[in-house]
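Okay, structure first, notes after.
A, B and C label the chains in the order they appear, each numbered from 1.
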Amino acid sequence: MKNESIIESLLFAAGDEGLTAGQLSSVLRIEIEEVREILQSMAEAIEQDEKRGVMITTFGDEYRLMTKKENAAFIEQLAEKPSPKTLSQAALETLAIIAYNQPVTRIEVEDIRGVKTERPIATLSARGLIEEAGRADAPGRPILYVTTAEFLDAFQLQSLSDLPPLEEGDVSMQQEADLFFGRFEEALDE
Amino acid sequence: MKNESIIESLLFAAGDEGLTAGQLSSVLRIEIEEVREILQSMAEAIEQDEKRGVMITTFGDEYRLMTKKENAAFIEQLAEKPSPKTLSQAALETLAIIAYNQPVTRIEVEDIRGVKTERPIATLSARGLIEEAGRADAPGRPILYVTTAEFLDAFQLQSLSDLPPLEEGDVSMQQEADLFFGRFEEALDE
Amino acid sequence: MEYKVKIDSFEGPLDLLLHLIQQLEIDIYDIPVAEITNQYLLYVNTMQQLELDVASEYLVMAATLIAMKSRSLLPDHSSEEEEYLDEEDPREELARRLIEYKKYKEAAGRLHELEEERTKLYSRPPADQLFSSNAEGPLEVTIFDMLGAFQKMTRRKKLAVPPKATVRREELSVEKRMHTLKEKLLASKKPVRFDDLFDSNEREELVVSFLAVLELMKQNEIVVSQQGNFAALYVAAGGNET
């Protein structure tokens, strides 16, 4: 009981900095496993309670209170600034290749994409989604890139193993084709 | 039910600044009196629920979520925990705003972060990452802050021009200003 | 010039080829080289007619396709020249690249969905009081930590602040509070912790209590003591006993 109250206070105060189970365990002076169990049961209870407007999320190793998704539209109404721009297709493709193949060099990314990828890499670095992780043991000692903790956060992943499995196209081909053809024609029309 | 959830979401996202019953009423599209009643009953229920770690406080007509007083000691403990090797989210945010907008006053940093920033500034100063650089030519002559040579050193930058460019949509003040004028013009067009 | 952004709907030659393959309903493993080459060149020519900078990668792919096409038009003499059997069909190499690229293109789409969903979740800034002030020792932070923190901040919504209160009811008077404080201190006989004088943490209450303490100190009605820097403050009645 008491622990749940304290945990809510601590998570509330931490805001989007979040707290790890380890941090909570050292403040509460209980075992980390117990902390995890309490968090788990709190998360479930809060999730199910339809009076509650927040939920406990885990991205990476951080537990955080966040508003429930279904209330987003209401928050939006009071928000002063618009949502930050989402990533471009080029940046997303680059990020996907890095995420699934890390550590990876820019050349390897470009081999898969078939185009130059300097700018998307600069964008992803600026957003703190990827970072350098040493250099490859190859001619020219190219920089290796990996994804960051911020990447997990930005894509709601607990860990890299939560990445959706890579699979070979079962996406409706026709739909995709229509979409692209539409885009192409629109572009030509203008 | 639904309203309580939305109110909790809104109060949570509003942070320390709180929201008025009037604002809540306009978002929820219900009478202000009804909002007050819901808030009243929520406040009582939360207060009595010993699993909860927050409470709803009223200051004038502003409603705010705060941590329960009896848990204050735990929050202090968390703050006391030394984390010598890294900087907190709050410190990193503050540092980023100063680095990209220097020279800058505390008030300007707080405008961007949306929260008080005295402590992060004190610690960044103590760490030698930022320093005072005269005073702004504004009412109250507020102190201007800039980053130091030690900042460059700690982040392995040769000069400030080595700071990675920020992506559009990130909060530098120039961009916020542009955004503002953009919206302003939009409004005029209508 | 305006076209530039808009016609750039393809992420590169592989993306364009995938599009053509889908549009023409072609089997990716059995690409009709002549047809795909013609379509591809048509697109590249259109881009050039629109005076767009055609990225060199598109031209390299065009050259590759033309080479494949001309080779496929050569008379079929593979039955006589066995050594060609071991050589990979260039179409296979192309198909492999296309399939590999397609995998990530689709993964990018799924990431985009996750990203969109994530924008629907909001948090709040960390409380200032949580911020550790005892920080020493070498720092182990990178510029990426800073950018990550910054990014987190940009995702946070700042909600419109209510217009600051106009006129506030005068419910709390400093004088009244001075009176109650003095009574409290006299009743307790021994010094009271400064913090314990404030039994509400509402801002207005705190301000009034604080002002009352200052006023009482000024009037020598109370004595405030402290054992050392940062130690707790104690307040006692007294001072001018006269």
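The criterion applied here is as follows: a contact is a pair of C-beta atoms (placed from the backbone, for glycine too) under 8 Å apart; a residue touches a chain by one contact, two chains touch by 3 or more.
All values derive from a computational prediction rather than experimental measurement.
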Chain-level touch network, classified as line, ring, star, complete or other: complete
Furthest chain, CA centroid comparison against subunit B: A
Chain whose Cα centroid lies nearest the overall Cα centroid: C
Mean-CA-position distance for subunit C and subunit B (Å): 15
Subunit A and subunit B, separation of their C-alpha mean positions in angstrom: 22
Gap in Å, rounded to a whole number, between the CA centres of subunit C and subunit A: 9
Subunit C residues counted as touching two or more neighbouring chains: 122-127, 129-130, 142, 145-154, 156-160
Junction residues of subunit A, two or more chains touched: 12-17, 65, 67, 75, 78, 81, 84, 125-127
Residues of subunit A touching subunit C in the complex: 12-17, 57, 64-67, 69, 72, 75-76, 78-81, 83-84, 86-87, 89-90, 92-93, 95-97, 99-100, 112-116, 125-129, 131, 148-150, 153-157, 163-164, 166-169, 171, 173-174, 176-177, 180-181, 183-184, 186-188, 190
Residues of subunit B that touch subunit A when the two form their complex: 1-2, 4-15, 19, 23, 27-28, 42, 50-54, 65, 67-68, 70-71, 74-75, 77-78, 81, 88-90, 164-171, 176, 179
Subunit C residues within the subunit B interface of the complex: 122-143, 145-154, 156-162, 165, 168, 201-204
In the complex, subunit C residues that touch subunit A: 2-3, 6-7, 9-15, 19, 22-23, 43, 46, 55, 57, 61, 97, 99-112, 114-127, 129-130, 142, 144-160
